[in-house]
Amino acid sequence: MSKIPVGILGATGMVGQRFIQLLQGHPWFEITALAASEHSAGQPYAQACSWLLPTTMPAGVRELVLQPCQTHLDCRLVFSALPSQIARETEQAFALAGYAVCSNASAHRLDPDVPLLIPEVNPEHTALIEIQRRRRGWSGLLVTSANCLATLLTLALKPLQDAFGLEQSLVVSMQAISGAGYPGVAAWDILGNVIPYIPGEEEKVEQEPRKLLGTLHSGATAILQDVPSAAPRTIPPTASEPWEAPPLYLSQAPIQISAHCNRVPVLDGHCACVSLKFHQKPTVAQVIVTLEEFTVPPEIAKLPSTPERPLVVHQEEERPQPRRDVDQEHGMTVSVGRIRSCPLLDYKFVLLGHNTLRGAAGGAIHNAELLVAQGWVT
Amino acid sequence: MSKIPVGILGATGMVGQRFIQLLQGHPWFEITALAASEHSAGQPYAQACSWLLPTTMPAGVRELVLQPCQTHLDCRLVFSALPSQIARETEQAFALAGYAVCSNASAHRLDPDVPLLIPEVNPEHTALIEIQRRRRGWSGLLVTSANCLATLLTLALKPLQDAFGLEQSLVVSMQAISGAGYPGVAAWDILGNVIPYIPGEEEKVEQEPRKLLGTLHSGATAILQDVPSAAPRTIPPTASEPWEAPPLYLSQAPIQISAHCNRVPVLDGHCACVSLKFHQKPTVAQVIVTLEEFTVPPEIAKLPSTPERPLVVHQEEERPQPRRDVDQEHGMTVSVGRIRSCPLLDYKFVLLGHNTLRGAAGGAIHNAELLVAQGWVT
Amino acid sequence: MSKIPVGILGATGMVGQRFIQLLQGHPWFEITALAASEHSAGQPYAQACSWLLPTTMPAGVRELVLQPCQTHLDCRLVFSALPSQIARETEQAFALAGYAVCSNASAHRLDPDVPLLIPEVNPEHTALIEIQRRRRGWSGLLVTSANCLATLLTLALKPLQDAFGLEQSLVVSMQAISGAGYPGVAAWDILGNVIPYIPGEEEKVEQEPRKLLGTLHSGATAILQDVPSAAPRTIPPTASEPWEAPPLYLSQAPIQISAHCNRVPVLDGHCACVSLKFHQKPTVAQVIVTLEEFTVPPEIAKLPSTPERPLVVHQEEERPQPRRDVDQEHGMTVSVGRIRSCPLLDYKFVLLGHNTLRGAAGGAIHNAELLVAQGWVT
Amino acid sequence: MSKIPVGILGATGMVGQRFIQLLQGHPWFEITALAASEHSAGQPYAQACSWLLPTTMPAGVRELVLQPCQTHLDCRLVFSALPSQIARETEQAFALAGYAVCSNASAHRLDPDVPLLIPEVNPEHTALIEIQRRRRGWSGLLVTSANCLATLLTLALKPLQDAFGLEQSLVVSMQAISGAGYPGVAAWDILGNVIPYIPGEEEKVEQEPRKLLGTLHSGATAILQDVPSAAPRTIPPTASEPWEAPPLYLSQAPIQISAHCNRVPVLDGHCACVSLKFHQKPTVAQVIVTLEEFTVPPEIAKLPSTPERPLVVHQEEERPQPRRDVDQEHGMTVSVGRIRSCPLLDYKFVLLGHNTLRGAAGGAIHNAELLVAQGWVT
C-alpha cells in the first residue's frame, strides 16, 4: 500500500514540529506539504523554521517549500496546528475543499457535529462525520483532538466512567511550558516560579471531557442544547438547510469538573492532582485494577500510535514525575499514581502525560489513523 | 527595657538560619545562645555553619560558640528548629527546666495541652499553658507553630470561618524546596520536574488547621478524644496525676480538609490551589471583602512581627506568584488571588506565603512575641 | 535643596523599571516624566506597564501618564533605557534640546566625544563634555554607562591596571536572562540549558573596558583613530565644523581582551571567569590586597549610589555566586573570588555583579550623581 | 560468539546506572554481576537501587542480587564506577585476581603504567598493559577512562594536535549536575545559580589531556618523571622488583592547559569555552576542516560504541547547547561550534559532550570494546 500524502498547517511552531518529528517514518502517512503563515511561505522549511526539538530536523522536510494555508496543498489529509482564531475559517475551507482535517486547534472542538476524538476513548464518535457532511455540505471532513490536559485526564477517567460512573472531578494541574508554544512563556516569568493562571485553559478542561465521554443517540433533535456552554457558531455558507432532526446526536457525560491550571518550570509533561466522586463508590482496589487493566479493542490496538499500555499505574509513592515518566511509549502513555482515598470526594490520584505528544500532535495523528482504519480516509 | 535573652536549638539548618536572620535587630529579643547537634558543638557558629541565605551572616553570631542542646543555655526562651524525632524529648526537657519553648517542630503540635498558635488566628489558645503546666509539672512552657502550609492556609481560612463557617477544603500545593531543609531535595530530582509527594505533609495540612481554628471550652473531659488522629503520647515522667476534668479543653473546628502536596522547582514560597465549601454560602463579593478587610485586634497588631496586612488579595489574574510576591512585609503576609466560583465546592482561589518566614521561623518568633505581650514570658 | 526633576526614556522595559525602582526615594532626583514608545504613550504607567520586579511598583509613578520620547518632557535630566537603534537619534535630540542625557544604550558609547563613565573608574572623563558641546553645538550633554559585563569587569580591572598595568584579559561569562530584557529569552530555550552566544556582547566586552580605562590627553588630534573598531558615525546635523585639533582627547588603555559570552538560567547577576596578564607580574598576595583595598576619593564616595565597598573579595572557594552575592549593597558591589595562578596568563579569578543594577540602571544613576557633584547638572 | 560476562562495581550510583542502561542489549557484553557497598549487598538490584534515569530499569538486572565488591564476581571484566578512595585498592585487587578492569574512577588515571584511554585518541596506549603486568604481577589488567570534561576536550584537541601541534589551551567549563553523582548537588545550591568551583576538577582537566595525547617511546627509564604532578603512589604489594628500564614509556604532550570549572543548572552535558594556541598557527578554515574531517581507523570505527561521527561541527552561531545537542549518537558525539579567532591565543570555540555517557560509562565501555578488539580480553 502506498502511503497517504499528508500536509501540516502551522508547520513551524512547537506542535507543527512535533507533527514532523512523529510523521518521520510513519507507516501510513507521508508528508507532502507544509504550510505556514504568509510571511514564511515560499521559503524552504529548514530556512524558515527555528527547530526547537532535541532530535534533528528530519532530512525529508528540510527542502520542502512552505506554502500558504490555502486549499491547493498536494495531499489528502491535513493536520492543523493553527492558532485557534485562524483555525476556524481555514479548517472549514479545507474540509469544504475535500480534505480530511485532523485538527489540534480549539476552534471547532465543541461544535456539535464535529467529533472530538481520542481513539481509545470514543472511536464511535466519528459517526458524527455523516451529520457534519450533510449539514455543512463538505466533501472532506473535520475531526479534532482535545485540549492537552483534557486529553490526558479523559484517558484516565474513561475506564472509571465505564465501570462505576463519575459524578465529580476536581483537577489542579501543573503544566509544562511547551504547552504555551514558542516563544511562549518568557524565562523571566517562570524560572523558579509558578504562574497560577493559563488563559482559557480551565474552561476547556471543564468542558471537553464531558463531550469526549459523551454518548451517541439516534433520532432526536436535542444536540445543540447539549453543548450549552458552546458559543453561538457561524453557520457555514454552504449549509443550505437548517439543522434539525439529525439522525444522530451526542449527549455529554454528566460529570462536573472543576479545574485550576498552573504553569510550572517543566519542559514537557502536564501533571495533575485529581479528586473523583463516583455514582457508585468502588473500593480503592477496584479503582486500581480498573485502571491497570484498561485495554482497547483490537481495531484500536492495531493503530500505529496506540501504545501497548495507554494507562500505566505507578506503585512508587513519588511517581509519576514529568521528567522521568513523560516519554513512555513515545509519549503516548498516560501515567497515574498515588491512588488513595480523598477525605472530601471519594478518591484522589496524580496524573501525568505528554502535552505535545499524546496531548497534541500525537493525538491528532492517532485520530488520523483511526479515520484510515474506519475507512473515512483512503 | 532590656532585651530578653533567647537561644536557638538547631541553629545551623535552613530554619535555624532564618531564626538568626530575623532576630538580628529584633526589638524585644537578643540571641545569647546557639545550640546544635553534638558534632557541631564547641565550634564558633561561623565555622560550623554553611550559611545558606542571600543576606550576610549577622556579625553578632559569628563568634558565638555552638553548644549541645542541653538545658544549660544562658537564656530564658528557646526557639526550636530541631528535627521532629529529636524535638520530642529535648523540648520537654527545656520546658521542664523552666524555659519557654517556641517550637517549629511537629513533635508536640497535636498534643492536647500544647497550644498550636498563629497570633492573628488563635491567641487565646495560650490559655492551655496553664493546663500544660499543671499536667506536666513544668515551670517553663511549650508552644508550637504549625506546619508551613497549614499556617498559610489557616490564615486565609480564619476570617472566612469566623464570618460564614467552613465545611470543606480541598488543597493542592506546589511547595518550595527550602521546605525540605538543607541539603534537602537533590537538584537531579527537581530541576525541570515536579515531585508529587512530600512525606508526612498531607496529614499535617489535613489536621493542623482544625486545631488552629478550634474553640476553647471549660469544665469538660473530652479533650483527648478531640484529637482522634493523634497517635498515643508518652506520658511525661513528671505527670503525677491522671489527666481528667481539665478546667479547659479545645474542640477542633469541624472543617474537613483534603490535601495533595507537590514539590516544585521554586526556592521559597508555598503556593496552593484551594477550593472551599461553606456552611452558609456567601457571595463571591462577600468572600473577597471578608479577606480584604481582615484585621487583628490592637494587642496583636502591635507585635513586632505582625505585618500591616496579614492577608492581601491580588486583583491581577496571574497573581500571586512565589517569586514575585513571597517577600511582602518581610515574608509575613499571605497572598490570595483568583477568587472565583468552584463548580464542585463553593469557591476556589490561589494562596501563597513564605514557608520559612511566616511558615516557620517568622511564625515561631511571632508566637514568642505573643507570649511576651500576654505576660507568659518576662 | 529641591530635587532635580528627571525623566526616563523607555520606562516600561526591564531596565526602565529598574530606574523607577532605584529612583524611589532618591535624595537628589525626582521622577517627573516617563516616556515610552508611541503605542504606550497616553496611558497611565500602571496601566501600560507589566511590572516585572519582585518589589511593588512605587505609588508615585502609577498615575504618571506615559509620554512619547520627544523633547517636551518636564525635567532637566533624562535616563535612557532605549533600544540602541532608537537611542541614537533620540538621545542626540534630547542633548541638543538642552537635557542632560545619562544613557544606558550602546549607540553612542564609543563616540570619541561621549564620556563612557563609571564614577569609581574614570570620573575625569566628563571633561570630554566640553568637546562634545563645542563639536555638536549642544546645550545639553550626553554621557553613557557601559555594557553590563564590561562595567563589572572594568571595576575589577581598575585597581590592577593602576597598580601593575594590564596586558591581556580572557573573559568567559555566564550571564543572567534579565540582561536580555523582557520578554527576552524564551523559557523553552534556557530552562536546564546554556546558550553559548549573545549577539553583539563579545565585541562590547572587548572594546568598552579599553575606553573606560583610557587616559585623557590635551592638544592632539588623534582621537578618532583611537577607536579603530568603531563603525563610521553619522555627523550630527548641528555639527557645522570638522572636528579637528580638540583641546582634549582620550587614548584607550592598551589591554587586549578576548570575551566569550554565554547565557545561563540565572535571573540576575553576570558571572565571569577572568584570566589576566600583567605588564609587571605582581604576587598573588599583591593582587588580593590591591583588590581588597580599592577605595575611591571622597568626592566619589559621597555620591548616593557609591557603595561602601565597590569591590569585595570572597575567601570561600565556591563564591561568589549570583543568587547569593548579587544583591550586596543594593546590587552596586562587584564581587571577586578564587584569585589564583593561571597556568597560561598570570592570574585568574571569578567575577560577579548585578547586571541591571550596577550594570545598567544603577550605573546610569550613579553617572548622573557624578554630573551633579561636578556641577554639570544643577 | 557468546557474550563476555561483565560486572559493575558501584552499580547503584549515577554512573553505575548509566553502565546498566548502556549495556542493555550490548552485542559483545552481558551483565552477570552487580556489586555495590556492603550495606546494599544481598538485596536484589531493583530493591536496593533508586533508579535515576528517565528510561526504565532494564528487566534483566532487576532480580540480580547485589554482591560486595570482592573478587568472587562471576565475570571476566569489571567496569568500575567506584568512588576514587575506594577504587584504588579494590581495582588493584580485581586486576591481581585476573579480571580486566575498565575504570571510570580517578584513582589510577595518572599511574605511569596504567593506560588512560579514549579509543579514537590513543588506542596504542594499551601497550602499557604489558609493563603494568610485569611490574605489578597482575594476571588481569587495568585501564581507565578520563575525567568527563578532559575526555570531551581531548577528543576535540586530538585532530588539531596531530595536524598543527598545540601549545596552550584555556578552558572555562559549565558543567551539568549529573557530574556530581547522586544526591550530588543540592537543589537549594544550584537552582537559578552558578557555582564557580568543582573540587578537584580543574587539576584533572589540566593534567589528563596531556597523558591522553602523549607519545609512547621504547627503551628508556624516564616514565616516572614524565608525570611530575602525580602524587607518590603506593607500591603494589606484589611488585617484587623496582621499576626500572621499562621497554616502553609514555611522554606527555607538551600542551599547557588552564581550566576554570563551573557548575550550572543543567541536567546532562558539559559545555566549555576553549581558546587554543598552536605551534604552527593554521587558518580558521583549516581548523574547521580538520575537526569536520576527523575520522578514525577501521578497527576503531567498528567498535560498537564508536559513533559515526565522533566530532560534529555546528554551523549555527548559538550552538551547540547542552539540552539540544547532548544526546547525539547515544551521547558519544562531541560537538564543537563558534570556531573563530581569539584576540589573545589563536582560536576559540565552544565544546559540548555528554558527561555521563561519552564522559563516563560510555567511555569505559568503549575502552572495554577496544580491549576485546585488540585481543586483551577474550
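Per-chain residue numbering starts at 1, and chain names A, B, C and D are given in the order in which the chains are listed.
Just so it is clear, a residue touches a chain if its C-beta (ideal position, glycine included) is under 8 Å from a C-beta of that chain, and two chains touch if they have at least 3 such contacts.
Everything numeric here is computed off the predicted structure, so don't read it as measured data.
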item	value
Common touching chains of chain D and chain A	B, C
B-C compared against A-C, more contacting pairs	A-C
Between chain B and chain C, centroid-to-centroid distance (C-alpha), Å	45
Centroid spacing, where centroids are CA-atom means, of chain A and chain C in whole angstrom	50
Chain A residues counted as touching two or more neighbouring chains	191-192, 265, 267, 323-324
Residue ranges of chain D touching chain A (in the complex, touch as defined)	53-54, 56, 191-192, 323-325, 327
Contact footprint of chain B on chain A as seen in their complex	168-170, 172, 174, 191-197, 199, 206, 256-258, 260, 262, 264-267, 271, 273, 275, 317-324, 337-338, 342-345, 348, 350
Chain C residues within the chain A interface of the complex	14, 52, 177-178, 182-192, 265, 267
